[in-house]
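Chain nomenclature is as follows: A, B, C and D, assigned in order of appearance, with residue numbering initiated at 1 for each chain independently.
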């Protein structure tokens, strides 16, 4: 096993990796931008190397500077976390050239899976079902229309060159196809200078299901069952769970086998995720593969008892897998809520700023993977996710009950956050009955309305009135004190009306 | 299931029960002494009833006042926690008379198991091996000596009426018996006005092994495997783990069967623990039964995935057990370290006082069951245990690694605590190799010597020097400020040298 | 002390009387509560309302006098006003120009401007998109009115507090 | 600033020079360290010593000038003294009577007194047992000397700070 590992990341995932390294008595090296001097990962690593600048481009994406730091510090391996350099085949290749272990798959596997069209082709060749689609290239309108008719309406038109919803439109019937196709083409040309349009079967209210795979460098591949990540906002996951309430044991075995086909097709050799969309009939289609650790890996850890970061390290160090498929036993149910510094009642607007109070939950079946602390200022440069709260229960209901309990214990002051949003979601009848799909949040607008529902308004009124009263008292005392000729330092201890600031 | 439950306890166990009630959407009623107005269990319960006074006798042992509170609040059941009223058959009987469910076993079972001699007799009749012993009553010296020779030296003499080590002495050889017996008798008479001496086989370096049992009101009994609690100080457990490294699968089945024999013998109908001493040959002897939830129940919860408090509630509500013995599956290994407000380097002297800083660990495989918060003052009237830190790993080594990591994250300011003690213990070769017995702490005096071992003295010197420097700067600034004619309130914000107090 | 508490658009009339030992007599719309409010940790209240117990984290009042409260069961945002003070302030406000300045709430880059000078806008209508923290953030009109001036252009980088748009 | 740090009975000579931006040049027994010490939260330091990183919680100095430091790896109790100040205080101390008063560190009940007036005691020797927090707590002699007077009796209840025994 390695003696020292550099973590080319920040936030909660850097903390997750540091914790694992600490548990294995491996030294950790952090890198940090100027904005991150006060970040938790800098404090908790054994060494910390500064990357001057603030933006990701200046810092966490500076692959050569990071490689240089690793060499200088004597780190034998680099963990890329997720995001940043984690899926850059070029970086994985440079690590290999420099004789540093990249804690992730080989660069060829990243490359093949990184490009959507290539990935689809690889999967199709491996016999994996993909969302039916047609790449227009310089296809005529007639050819495109034929293809659409063949896959069946509704279909989705997407700019082949772009992303982020641009040039995207849904076509419900053949009669609408011609005008929609022309419009999509011209929008794509305008936005990306490339008028190629990609046609995809539109799945109605699909579920997002993904299979966790683990492969070593000796040709062993196992899967750890699936996660469901249908609750999304702004095309980003907010709540994940494992196992999926929509996946039976048979379906799990089927999806697992497909995922392992994908893994074998690209000689995969790390932990990774094969993502599917499941339509309302239960049919699953390959969406994409993530060649890295996922944000939501804790729910899989809860139900399997495995430590995915530790497995990544062992695989990168050349160890064979310690277990066979039959050793993978799923116990109970786990849910993860991503805690964001954002305002769910104003279009999930990010809310960076100073965390003036932080009370985090614990107790039975609760885990908090956080990257922040009380007194920390959430910077504006990076992702607004501050922690991942996950709970485990013998069944889904117990996991939900524990999540509601843990959300109640979670208290964050100073910034907007989505704790109440999660609480309302966990109580929502459609969530409780597991009637999920990727448009869930849009379907239930009450989730993004700020209205309180618990009838405890009088308690809030009482608390706020006392707060107002005490602020007034403090102000008037302060005025008196600054006028009096006394040592304010001695006074300050007595002013809190009982409320003191402990450190 | 109940709609409202009163918790006749305080500290972490009250919080443990409140968490479970919250998860099941059951209302909780706390009771509290005057010293506990600021305790966490008062804050987190839905209702809180004052018991005037401070000592346990004035408050948490006032069974009639507690019953009255339960009736007035409409609580249908009382959870006694551990200690206080939890093993008082009389209280369980009064609950029954008042039509309130006692969340524990029936009073007859408590009674039979509460008296050591009766418990031994019950166990012997049930065919359970007990530590060989002999009750002298008005036996002659010759009879007592015969009995000792029969069980084999060394033997232990104990005052039959007392406890707490009084009148206790070890006899190594037959020649010493006569004088030791006379001395023990006269000491017993002096201390308890009762000269009966109880003779027990002295076990050399025994391990403390206990089996968790669960019985319902319908005659179903299961066991959840064992815990090992050999690490003790002042005859109290400090570290517990499950499963015991000294117990094989066969031994587990054997001990489990014995424990269930005990349960059946007294018609047990709640969760409970059958305690054994295991000698160096691996032979186990019944020690006593605890007819309540144990402090160390989290390690069993970790490895079985069961919620023991929830099971207690379900059983008390009359539900049959949801699982059979064959459904009990043990996964991995769990360790619990009890965090005490005490000084391990001065004979574990309790250290009540104000908790000025509290940083609690979390992350994968870590659970903290705490009864305190930053800003809380640990009162002098009750037990100094402030929290139970437990970790889980796929094997014992991973559980130890996680415990060391979690202890590193645990930071407590303002009071003495035993975090460093636990850390040294977790690193100790004899602990790592599981060479345990109840005299472990006495055997290794380095554990109770304050010497640091990690070679990071220069870091401590640097931190303390900067602290000293900043305190000095603050003092001199304060002097200047109180002399200047400015508003000290505005100044105070700038004085922390960057260090601010957040709430 | 008489106060008005606004929650979710509703107004509650509050009378607060401080008693000894952190106790209060608080009347909300005529209903009286006896409250024991302990504050061992600043801004973290342990409330006993009769025998009902709540732990409530309260935020400091923001610029608009709003106080955030976080209970185990729910979070509430309240506006507490002192009726006398409110009357005084309201008369003061009338003297102001009635203009609203839309400022950048975080540093970022202007991606899109959805209005032009002279446009009529409704309160809550999206008027500008700012990219920050890897996301597009829609900025809404704080009041109904007419766009008086636009102070930034597409692709401009702005700092927190930068004036973006004025609505009259 | 020159300081003496005592750890586990050893003395270290420390020179501290404050630079800008929370940086320090700290020399311990002739070895120099460049330190960046951030204190976002009072008494919780993020130390970068060169590129080595440590999070250290420091306690406030106690009555004897001792500072507790808690690292991830270990806790240390240090005594920091200012050599100049130490010299002054030592001379002051000589004027005192040289008596040590043993006081109750917590409220409790006297269970046992192990010494009699006039007894010779060694530093660290158990002299009294106090029952508090469900436990028996041995009180040790703070210094070697002779028991001058015993101010309590067995079974007495005492409050924190109560004078128990004087050793001369």
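Operating definition for what follows: a residue touches a chain if its C-beta (ideal position, glycine included) is under 8 Å from a C-beta of that chain, and two chains touch if they have at least 3 such contacts.
Quantities reported herein were computed from a predicted structural model and do not represent experimental measurements.
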Worksheet entry | Required minimum of steps from chain B to chain C, each step between chains that touch | 1
Discussion item. If you apply the touch rule, which chains end up adjacent to both chain C and chain D?
Written reply: A, B
Worksheet item: Can you name the chain that lies farthest from chain B, using the mean of each chain's Cα atoms as its centre?
Response: C
Fill in: Between chain B and chain D, centroid-to-centroid distance (C-alpha), Å
30
Fill in: Centroid spacing, where centroids are CA-atom means, of chain A and chain B in whole angstrom
39
Worksheet, complete the sentence: Taking each chain's mean CA coordinate, chain A and chain D are separated, in whole Å, by 48
Fill in: Residues of chain A engaged with two or more neighbouring chains
22, 356-357, 359, 373-375, 408, 413-414, 499-503
Worksheet, complete the sentence: Where chain C touches two or more other chains simultaneously, the residues are 38, 40-44, 72
Discussion item. Residue numbers of chain A touching chain D in their complex, please.
Written reply: 22, 30, 37-38, 42-49, 73, 373-377, 501, 503
Response to the item:
chain B partner, complex, touching residues on chain C are 38, 40-44, 46, 48, 51-53, 55, 72
Discussion item. Could you list, by residue number, the parts of chain A that touch chain B in their complex?
Written reply: 15-16, 19-20, 22-25, 298, 301, 305-307, 329, 331-332, 354-357, 359-360, 362-370, 373-375, 394, 398, 401-402, 404-405, 408, 413-414, 478, 481-482, 486-489, 491-492, 499-503
Worksheet item: If you look only at chain B, which of its residues touch chain D in the complex?
Response: 234, 346-350, 352, 356-357, 359, 380-384, 408-409, 411-414, 419-420, 423, 450-454, 456-472, 496-502
Worksheet, complete the sentence: Residue positions on chain C within touch of chain A in the complex are 1, 3, 5, 7-8, 12, 14, 16, 18, 22, 24, 26, 28, 31, 33, 35, 37-45, 47, 49, 54, 56-61, 67-78, 80, 82, 105-108, 132-135, 137-138, 140
